[in-house]
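Quick one: this structure, given as structure tokens, is what I'll be asking you about.
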Amino acid sequence: MDFIIAKYNYWIYIILMMIGFYAMIAKNNLIKKIIGMNIFQTAIILFFVSIAYKKGDATLPILTYADAHGAHAIRAAQYMNPLPHVLMLTAIVVSIATLGVALAIAIMMYKKYHTLEEDEILKAIK
Amino acid sequence: MILEQAPILIVVIPLMSAIVTPLLGWWKRDLCYPWVILSLLFSTLCSVIVLNTVMHDGVIHYYLGGWLPPWGIEYVVDHLNAMMLVLVSGSSLLVAVYSRKSLETELPDRIVYFYTLFLLQVTGFLGIVITGDLFNLFVFLEIAALSGYALIATGEDGAPLASFRYLILGTVGACFYLLGVGYLYMITGSLNMADLAEILPGLYDSKVVLVAFSFFMVGIALKMALFPLHMWLPDAYTKAPSVASALIAPLMTKIAVYVMIRIMFTVFRPYFSIELLPVTKIMLYAGIMAIFVGAVMALAQKDFKRMLCYVVIAEVGYMVGGVGIANAVAIKGAILHIMNDVVMTLGLFAVAGILTYKMKNHEIVAFKHIFKKMPFTMAAFLVVALSVIGVPPTCGFFSKWYLIQGSVMAGNWTFVVALLFSSLVNIVLFFRIIETGYYDFDPAGSEHTHEENIVVNEAPLSMLIPTFVVAVAIILIGLYNQSILINIIQFAVPKL
Amino acid sequence: MKTVGLIVSMIVGAFLIYGTMDMPDWGDPNSPASLHVSPRYIMNTETETATPNIVTAVLADYRGYDTLGETVVIFTAGMACVLLLRRRNKFKKNRG
Amino acid sequence: MIISSDDIIIKTIARIFVPFIQLFALYVIMHGHYSPGGGFQGGVILGASLVLLLITHGYEEMRRRVPEGAVILLGSLGLLIYSGIGLTCLLLGGNYLDYSQLSVILHVDPAHARAMGILGIELGVAFAVMAAVCSIFFDISTGGILPEDEK
Amino acid sequence: MIITFDIIILLFVVMCAVAAITVKDLLSAVMILGAYSFFMCLMWTQLGAVDVAFTEASVGAGIGTILFIAAVMKTTRRTRD
Amino acid sequence: MEVTLFIHAADDAFRILEKAKERAVGLLDTATKLTSETRWMEEKKVHAILKGAQETKSGFQNFVATFLMLFGFWALLSGKFDAFHLFLGVVCSLIIAYLSYDLLFANVRVGDVRIIVQRFIGYIPWLIREIVMSNFHVAYLALSPKMPIDPKVITFRTKLESDISWVTLANSITLTPGTITMDIEGREFMVHALDGKVADDLDTGEMEDRVAHIFMEADHIYIQDVLDVSRVFAKLKRGM
């Protein structure tokens, strides 16, 4: 029980990742695949954000006025870990960029074959 | 100053010229081609400078933004890096020179944006190779991947679907890589490769490290199309425009192999990847399977480019198997084979591009009388083919020699058999083309074509010169392989 | 395909859960991730970059090159869409 | 295919809100130092405001305000600002993207020079992201061909 | 109190994810994905990642959904799975 | 006793008022007849004023007003009043004002903004009262066991002039429980009402009048009427 409570964020992220991964592999519709891709990437972001979390008196990674002006020494445990947040900002951008390209390719295919189902497109190519 | 700043200039010059290219194309479209060549020339120059510096002074560290490594991003250039940089920038320069005529027939209305993405692709490759930071590698991996998807999707009928499948699997690969980064970060708190290499040995028995390592491996195997995960490659590279396949096919898989070597031997110690885990065994068998499957599938193809794709899969098997044997000689052979394979695959796809340009088709059946029509192209092709088969003066022989030597030393005869089998199949493959193209073998042939009717119809010079440069490079690398080994690769081989 | 997908995602999930066992507890302020590199960002941001928002400082300065890469990624996506889809008549003058 | 809306309510509300959305986007960009936000988020909001204008007032209106060529130009310009700042640092004698070198030009201490450098690159990021978002939306919503070009 | 809030949001997230890949109408699936992004963004605010949450709110729930809708409107809503 | 007296007095008063009203109506009729030409001219002028708000108004005036409004918004958001941030605010507001000066005040005269805002604030309490009242009504409808709802769609033609007042009216209608604006086509409002009472409330046109009052649309006509009447009186006096 302790094992689950202490890490439930990680468990949920694994479930989400599995959902996304399954959709990417098993779904036949291109848009559904893209949706799965989005879920997959978001799950990874959730994982990183969970790494950054600190229990206790930690707050947002923005220095308060007193700290910023050197009123007292800053302790690292006082703020969340900023590095995973930074990495995830980049990852979100990457995911939206991938989404754009994927949708563009899907639309290209729809213009040519008038369907979004993968097997029908395969049939049309042959 | 150029000397100090050369590592960053290698990446930033193609990057900035990629940004300027759409503006330039807006103004005057014809300027794009010289502009691309110019920027890649500079980039190549810088990478040669870097290689020279590395050979004389050892490893270069470059701190981006002036921040010291574990906090900022660092560029590390050692011998392996520097060799890859020269290879990548040099071969992309050749492809850029080669690209003009082919693009004008295949994508006449989209040249400007094609060149933009071309430069971005090269930027991505260079960024992957040069960086010393795991997350930075991911970012550049995505740049390379996204521009690759777009370039491939512009190809012939069916290219969008191939590209979409590549996108899905490539994203899975990149996400697995990112997960690996996350697991490593969670357990160590660092992203810098050198820093990780310091911290990790104390944590080798942790399950988190094991999971991270496996996700790295699977993600990169997806990117390099290692045997069970190779489904996306043949379609994507066959249907891409010839310039795109000439750029991506030689470089993407080899860069993935480079990343794999980097992670196995720089981020993790050889002790972990070779002795603690059965990774190398799995890799060895995957490599052997890749060689067999690639060879057999290549035999079954009627399409020239598709056949080359399966050859590429088999060649990936060479390198992965070489690393999988995990002794110094075999890894030396694998690294030398990365170099050779870039050049050879570039030559093969360049020839395929020329044939597509002239014949508007890449079925093998269409290549009749091709030796008469294009003597120079086919001369270059012969050299490349001999190298792929592994005939002594060419470079392909030597890397195979080291691979075989290494596997004999390790007592692994299966790999030897696989290598020999693959060479044999390659002979058959290329002989088939020579047969179609040279001998006027026409089973139905009541109507004997008169040889006078066949006019020499050679490819344009801008395509021919890069192909010849590749052919010459193959022979030169073959002749000077000892000095390359002593001066560069010997330092790149990890200390086992 | 469906069963393959199910099996593969199950294997991946099981493997990840296996990895979860050795993870530091969620939200532990003394986990390795919060002890090695990040404290320096938190402590020195103000003196080194005069920026109270640590995320911005790390994003744009300490790891500014990543952000350059990120911007290039989205630029690449824009260019890719233009390359793949746009067939507009550019030289037709806009009305109005 | 998204065509311009005929609904007067949506049109009017969009018309009134767009300037405020744009100002908020600029606020987010400029105040990335002190509060959540920064170039990327601001750029996305800026792009979203233009997209809102597009889906309410139609392509013609949108193209009148921001021609498609200008969008690509803005994207390039944004990235040029970013990499140009990096290159300036390099020319001033530091490493690439080492903003503390900017203190020579700006006449402030290195820490504040870094803050100014961050502001500069966030502007660049915002331009690039805005342009990319607009351009992707243009292309995806039209499928690359405008209705009047089809004729 | 906070933990229950977390768990409720996480449950919503999982439900939205499952719904998004099972619904047989693409437009609905896309809208549910937008809701998924929004719940995710709430979750991240809860975890203290305000910057990430802000970005996700503007990107995932905003531009991403808009792009999806544009694509679905441009193509088709029907799907077999 | 007093009551009857009072009722009588009231009766008388009403009678007198009635007569006065008849007189006034008669007078107005005559006046209208007399000054039909003038009237037509005046109407044209009113129209010109309203149109001028949309077209002939100077772009620069708009620009300045947009700039000021945006800068106020910036100050509200930012909360930092050192020189650097104020400078940034000025620059940003200038850029946005330049980009979208024709959006914010497309149909409203700049000089009227102060009055409009004042009246709008005055309008809000009335709207809230209205919302609360119809809330009770809808609650009654929903909770009573018979569910005496009688949904219907009513269409009416509005006299409002500008798009912003249409939108305000439509949104006010939608905000009030029991009624929803479904569509505006030209000047036809299509409203879905839950039962007869709310529909009747809508038909009285009070809300519309109030909205017209906010955006100073009735004002012009009203003023013109007064002017007309005074002129007519003057003429009549001279004639008598």
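The chains carry the letters A, B, C, D, E and F, assigned in the order they are written, with residues numbered from 1 in each.
Quick note on the criterion: a residue touches a chain if its C-beta (ideal position, glycine included) is under 8 Å from a C-beta of that chain, and two chains touch if they have at least 3 such contacts.
Note that this is a predicted model, so its numbers are computed, not measured.
Between D-E and A-C, more contacting C-beta pairs join the chains of A-C. Set against the C-alpha centre of subunit F, every other chain centre is closer than that of B.
One simple way to say how far apart two chains are is to compare their mean CA positions; for subunit B and subunit F this gives 71 Å. Averaging C-alpha coordinates per chain places the centre of subunit B 38 Å away from that of subunit E.
Taking each chain's centre as the average of its CA atoms, subunit A and subunit F sit 49 Å apart. Taking each chain's centre as the average of its CA atoms, subunit A and subunit E sit 11 Å apart. For subunit C, the set of residues that touch two or more other chains comprises 16, 23, 31, 33-35, 37-38, 41, 52-53, 55-56, 59, 61, 63-67, 69-78, 80-82, 84-85, 87.
Multi-chain contact residues of subunit E (touching two or more other chains): 50-51, 55, 59, 63, 67, 71, 74. Of all residues in subunit A, those that touch two or more other chains are 8-9, 15, 19, 21-22, 24, 28, 50-54, 58, 60-62, 83-85, 87, 89-90, 93-94, 96-98, 100-101, 103-108.
For subunit C in complex with subunit D, the residues that touch the partner chain are 47-53, 55-57, 59-61, 64-65, 67-68, 70-72, 74-75, 77-78, 81-82, 84-90, 92, 94-96.
Residues of subunit D that touch subunit A in their complex: 34-36, 40, 129, 132, 136, 139-140, 143-144. Partner subunit A is touched in their complex by these residues of subunit C: 1-2, 4-6, 8-10, 12-13, 16-17, 20, 23, 25-29, 31, 33-35, 37-39, 41-43, 45-46, 52-55, 58-59, 63, 66-67, 69-71, 73-74, 76-78, 80-81, 84-85.
Only residues 60, 62, 89, 93, 97, 100, 103-104, 107, 111 of subunit A touch subunit D when the two sit together in their complex.
In the complex of the two chains, the subunit B residues touching subunit A come out as 135, 139, 142, 146, 149-150, 153, 157-158, 160-161, 163-164, 167-168, 171-172, 174-175, 178-179, 181-182, 185-186, 191.
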